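Consider the two complexes below, in which chain A is the common component and chain B and chain C are the respective partners.
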Partner chain A sequence: MTKTAPAGLRRNIRKSGPTSTTEKPTSAQGQKFNCSLGSNLKVIKKVLQNDGLVIYRKIRLATTPLRHCYVIYVDGMVNGDLLNENILRHLLNYDVRVPAQVPKMSFSDVLMNRVLSTGSVQKDGSIDSAIQSLLYGNVLVLVDGIPYAFVIDAKGWEIRSISDPETERVVRGPREGFIENILTNLTMIRRKMINPDLKMVFREIGTRTRTKICIVYVEGIARPEILEEVYRRLDKVQLDGVLEPEYIIEFIRDAPLSLFETIGTTERPDTAVGKLLEGRIVIMVDGSPFAITLPYLFLEYFQANKDYYDNFFYSSANRLLRYISFFLTTSTPAIYVSLVNFHQEMIPTRLLVSIAAAKEGVPFPAAIEAFIMLMAFQLLREAGVRLPSPVGQAVSIVGALILGEAAVTAKIISAPMVIVVALTGISGFIVPEMPGVSFFLSLFFLFACSFIGFFGYIFAVIAVTIHITSLRSFGMSYLSNLTSIHLQELKDTAVRAPWWWMTYRPRLLSRDKRRLADPGRTEL
Partner chain B sequence: MRRELLSFKQIVYLLILFITGSTIILPVGTEAKQDIWAAVILAIVMTVPMVLVYARILSLFPERNLLEINEQILGKIVGRFINFMFAFYAFTLCALVLDNFGQFINVTAMPETPLAIPMVILCLLALWATKEGLEVIARSGEIYFPIIVFAAAFTFLFLTPNLNIQRLQPPLHQNSEGIVSAALHLFSFPFAETVIFMMIIYSSKKTKAMTKVYLAGLVIGGAIILLSVTSVMAVIGPERYQATYFPAYLAVQTINVGDFLQRVEVVVFLIAIFAGFTKISLCFYAACKGFSNALGCKEYPFLAVPLGLLEFLFAANLFNNTKQMARWASEVYLYFAFPFQVALPLILWIVGEVKQRGRQGSPEVDLHDESQG
Partner chain C sequence: MKKSACVLLVIWHLFVLWSMAGCWNFREIRDLAVVIGASFDKKDDQIYLTVEVLNPKGGEQDRGTSGSLGIKPQLFEGSGKTVFEAVRNMISKVGRKLYWSHARVFIVSEDVAKEGIIQIIDWINRDAEVRPQTWILVSKGQAAGDILRTRSKLFDTVSMQIDTLLRSQGNSGKLLAVTVGDFMEEMQKPGVGAVAPTVESMKDEREQIPEVTGSALFREERLVGFLNGEETMYLLFLRNQMKKGTLIAATADHPKANVSLEVFRSHTIKTVRLVDDRPVVDIWIDCLTGIAEISKENDVISERGSQKLTERTNERLQNKITDTIKKVQKEYGTDVFGFGNLIYRERPDIWGTIPKGGWSKVFPTVGTNVNVNIMLRGSAKLSEPTRVGE
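Let's turn to the complex of A and B:
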């Protein structure tokens, strides 16, 4: 049977051979493995030509009749120990002529069941998908006379070790952050929620990079409509490469041109699990330590994960502080400019005199001054972020000296303006997730105020309100928790209530609304 | 057509913002002098039956707003003509409020800035809000409401040292004519203007909710007006109240807390702009809806831009000066608004009751109508 079949098939391959050279090298689309080892190998080698990392190891199997097999893998992407000990060694040593315990077993079954002693071995008949899995770090074993490849999971490449998440540090709370490997990230989530309701659905996105993404949700809490919407939108993504979640986010988010983010990201597994428990959906993207969380509501800008780990009085105070600093960072320059330019009567006289004294000799109007200083602050911030930390410190010292002290003494900027911009900048750091939003908003407000004072400010606020209330994130109103005065919802919006008091999950977000079986705390 | 559903709370907030909207900046009920509080109470009492009529009409035809009800009970041609009139009323009201705020900003804060600047900005914002839909207006209202309540409470608190109860004396002394006249004006502006809401909202399955919504909005909004005009009157007295275009502004100017917090009137009235904007956008939304219905169109947003520009031109050329505006408000508006606020709703109510009675008599017709809706 093995001797007659290949001839015809070989001819087929040869016929398709010349045509395939005229096409692109990766033209194994739709081709199947046949029984001839040589022709299979030829196709694979043609597809993978000029790929120096792929290693082909030829082994003679101790069988009658004599057969050859090829072990193919990508150098550096497989676990060497596993490859040597459990695959190569067994293939070399196992004598198939020794009568098997179960005589009815076919040769391939013997290989699968008695020789290849690894966790996952699968048969794959399609050359295309076999090459896919080869490039993803699996080992292919091709055997003469068997019309499919054995795909053995022996992935093992170098990964960064789990470390403190840089962007979301906390004083108290877990210290691990996601890394670039999707499997490690998923195990981090899984370890935090040992429950069969936690579902993980894999997808591939990127016609060229074929990046693995994983949609994680908790069945029974996440709303199925939102989940369906996520799938629907992901299906429409037509990208050739995905290197970071932002690539996907910009495709699937609502209001793609809005300044406000309607999809969140996090680097922390505990935050991701917290969001899962609120009924949100998390999408992990291979190759990035950031997970996508959605739907994302405006309030989440102000909810830091450390709120849930600290004493709730302290957390509530911090949260209020964040709301105030959002107001300060967006509005301080605008309010200062309108006070100084248009509504001097509101400033107490003594203060007005000292401001006027400070402004004496400064050539610019207050609005221009504020604009210059805001831009300078942004320059400094950006320079500090990009540079390595020792140089970054130098930048900040130079910036502080020149922009603060020197600019005031040189009468380029008035001293109160330095205070105003410093306040704007510092408050901006308190809500770190929205640097872009607060900067643009502060410029917008400043612009509006520089023409008609406070009235401009109020018109700008109305404009922002109209925009922000019209936003939606996956069918949910962007402000859905903010505009309500439900006591139940204020527990995790305006303040952070104690855990034993937050009986319900966010109202519109989740299906199973009850968080605690018994409200209140059992008396000790 | 996509139905825009508002919650009970949202409608009440909108009603309150609508009622307080431009009322708190303008000199309302000047004829009543020191008895202005009595005039406000009388006006509220007068409005209650009218509001019950509005609510009843909406309840008679669930899932339908005034425009659709008109079309249903008056026939296509007459109904659309009436709708056109209502839309024109909303359009005019919107222009009036725009003009009020334009004049207010112009007179109090920026005499050198052209009147058109704040008006065109407000108009564009209202246009944008209308294009985004009623839910956006309602949700913005939900944001503005607590801010306004907070600001009003603080203003009142800071005004208490300046309140002089003697300015409200003698109470109810040979002033019944003035009180009634002031109450009539207050009835037409702002309370019965809530007729605009009939063009926007519709009753859902729970028919009683309409009455509750309207009454809650009227009573809370009325209470805020009562508190504000009475305290303004107690601060500046009837003579100055009559003499100025924007008495509340004058009253808030007197706030002085420890020589530090003073001259905060701009901030206070900035917040009044929130309410005014809500009123403007609601009127504009109603006008868009009404005109699109009168033209026989299912969708309204395409009308927003042309109508918005027209609105601005209309508002900008409505009056030559603030004096004219004040005269129109005190002498003409009452009669202009009467057909829309009282006459037409009463007729509609009677026709509606008769038609609904007839429908209940014959179930076949009922079935037929249901299938149409």
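Let's turn to the complex of A and C:
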């Protein structure tokens, strides 16, 4: 199935070793296998003390002089058929003496070449790394008189089946999403790009969890400087456990205190491959269906994979809708509060009267009302996400009824404010990648507006713009596409140009800039 | 560490800067009394102010009867030595601060206008809240407050009715709607007399309703006279303000049979020349019309008939316009047609010979030469005059 990259792996182990000191040192740090089966076994058993899942199977080999071997594996993590048919049965039945015709062949060669008929068999002299492989689901075979272990790849455990990704559903486009198993995920990427330029470099991160991560890139498109920077930053991650990409993202991202994401994630293999083809780098993390993509630019909040699968007019319209909804979700409460509290002359007279009638008897100023409702909306959203779906529905119905209807009838909240907050909330869902950003921005703008109306709004927008402009993601300016003066750059920004017109990849992102081999229909 | 301190500092500064503003100009909607219209009267050196205030509370109870907002306007009266004092005195009666940005109409009584309108209009133009886009009207023969006391049948308030009416005044062609800003501009321009529409309260069935008709003419800041609706139409022609969709009645063959023409487009060109050291203004009016109504079985459709119709209409319109000019020149002596401004712009040499402030003496002597050219386009849905069967 897979071959781990031993170089990177070992380096990591060496580095992480001394830092993970515990009170009772049980690790076989730096120890090598020796020729005595008994002493090797003793070390392993000592290290794996109290681990009930490890199974030791002793086999007497049919050889002279008499030798024993141990097959060691973790219950439930190996493929049972493979273990029984190709390892145990062969070891039990085969004559493993060195054949007379080839006297030069050593005993271990015989085992490797004639007996152990599985895809990957490796020799490992270090007890530490052998145990590491064992715990990752490999089978260890220790043989009397051989100073190393055979590491046999027979991994096989229960995994979730590939399903429609929950977070990025599309009407049209591939239906598969990443799952928790890194190997399955990588095959999904590989199946979409059958090209030797697609490189996958494994690493381990997490001094305790030793999570496998895989850096995926397309050689010739991805820029080596960015790749180097990624390696450099990954080297610095000194976390003991990595359960989700966010653990790594927060270590390696630019502007770690910024609200805005400078590293993206995706749950879809097609999106990941799309980003790879633009020259981006994808990092898969074992145990999570989310892949890291970087560099991540501001524009990517508004680019959805379905934009590229639909007709480009429709896609462009959808993209504009997303920009508008970003404006709405961040600014509606702020603008409403400014209008109602500071700039009444800007409201049409009839609307003013309606609002005034609705606000008659409501005790709070508009800013407080907006704050209460935004909070209530967030409460409902969070409650709905956490609860199982039948209960979640009940919560949202009760919430909507109480907040929307009863609060207005009871004159706690005015009716226009319910509309404003509903608009804010719904627009927020149109750009789903930035829920945190839009919520905090709307609060920030609201805060600014509640003091000085539109002046506050303008100042706040300027502050946010300055901040966004100053951001970088792995050397790329965060707004690089949006602020570009090159026509080619703008073809995939506010609109999505037809594929035959997008001759070039993002200019600063990729090394090989040409996307269309033959520019036949490129120029209109 | 240093960086996070920086970030904290920025956040702190933002917070402080914003809170320093201290909700400057903060106004809750419910604390405002939204003024939709106001009228100004004068009695014994006191300015009497009547304001029409929108009352959302009263509306809530009546809601649901029709498509309107169901607002019941409330009238408040107050007085003071100046307009501003009257406005501020009003607060003690209304209880809320009067909010003027949504005011639609200001009605000035004839008496105040005769005394001089600057005492009213300066405050309107100077105050930050009041918009110069508000309509200004003169109440004819009545106290201005009485106009606001009439009842609008279709609209929520009288002011809204007058506002809607003045907005669509192009359809009647007998109104000259003027905003406070335009009025001020006209008043300050050399060689133009300002004009404002007049409003009266009329009895319709049992109720008093407001009626906007005709216009009030100003010399400098004082009201000097009125023009009725028809004369206002000629005034519109002369000012090149005739809009689309206006009706003119014109007689045709039969002495008592009328043909109505609908004006689609009209354009007026004025030039000035000197005849015996006396300025003469030539006026060319090009008017594109269509037949809207033929009240008698007669032929105005055929080439001969329509030619006759346009000739008669041209002649009639020329006479009427000349009469109106003469009337204004003789009776009121205010240059509402903008002849003086025309000379000022096109012949500064002539303007220079007139002594400063002497235009009002020259104006009655200005000669005019009116040329009307009516063009007929189509005859609405029917191509023939309606004929009676044998």
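Here, the second predicted complex is superposed on the first by the 487 of 524 C-alpha atoms of A that agree within 3 Å, B and C clash if a C-alpha of one lies under 4 Å from a C-alpha of the other, contacts with A are read in each partner's own complex, and residues count from 1 in each chain.
Everything that follows uses one rule, which is that contacts are C-beta pairs under 8 Å (C-beta built on N, C-alpha and C of every residue); 3 or more make two chains touch, one makes a residue touch a chain.
Given the structure is predicted, the values throughout are model-derived calculations rather than measurements.
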{"item": "Touching partner for A:477 - first (chain B), second (chain C), both, neither", "value": "first"}
{"item": "Chain B versus chain C as contact partner of A:345, first or second or both or neither", "value": "both"}
{"item": "Which superposed partner A:171 touches (first chain B, second chain C, both, neither)", "value": "neither"}
{"item": "Partner chain(s) touched by A:457 [first = chain B, second = chain C, both, neither]", "value": "first"}
{"item": "Partner chain(s) touched by A:365 [first = chain B, second = chain C, both, neither]", "value": "second"}
{"item": "Chain B versus chain C as contact partner of A:257, first or second or both or neither", "value": "second"}
{"item": "Contacts of A:194 with chain B and chain C, given as first, second, both or neither", "value": "neither"}
{"item": "Chain B versus chain C as contact partner of A:517, first or second or both or neither", "value": "neither"}
{"item": "Chain B versus chain C as contact partner of A:466, first or second or both or neither", "value": "first"}
{"item": "Residues of chain A that lie at the interface with chain B and also at the interface with chain C", "value": "342, 345, 452-453, 455, 459, 463"}
{"item": "Interfacial residue positions of chain B with respect to chain A in the complex", "value": "9, 105, 109-110, 113, 117-118, 121-122, 125, 128-129, 132-133, 135-136, 139-140, 142-144, 146, 259-260, 262-264, 266-267, 270-271, 273-274, 277"}
{"item": "Complex contact set, residues of chain A against chain B", "value": "342-343, 345-346, 348, 452-455, 457-459, 462-463, 465-466, 469-470, 477, 479, 482-485"}
{"item": "Chain A-touching residues of chain C, taken from the complex the two chains share", "value": "3-4, 7, 14, 18-19, 21-30, 32, 34, 36, 54, 56-57, 59-60, 69, 71, 99, 101-102, 104, 129, 131"}
{"item": "Chain C-touching residues of chain A, taken from the complex the two chains share", "value": "257, 340-342, 344-345, 349-350, 352-357, 359-360, 362, 365-366, 447-448, 450-453, 455-456, 459, 463"}
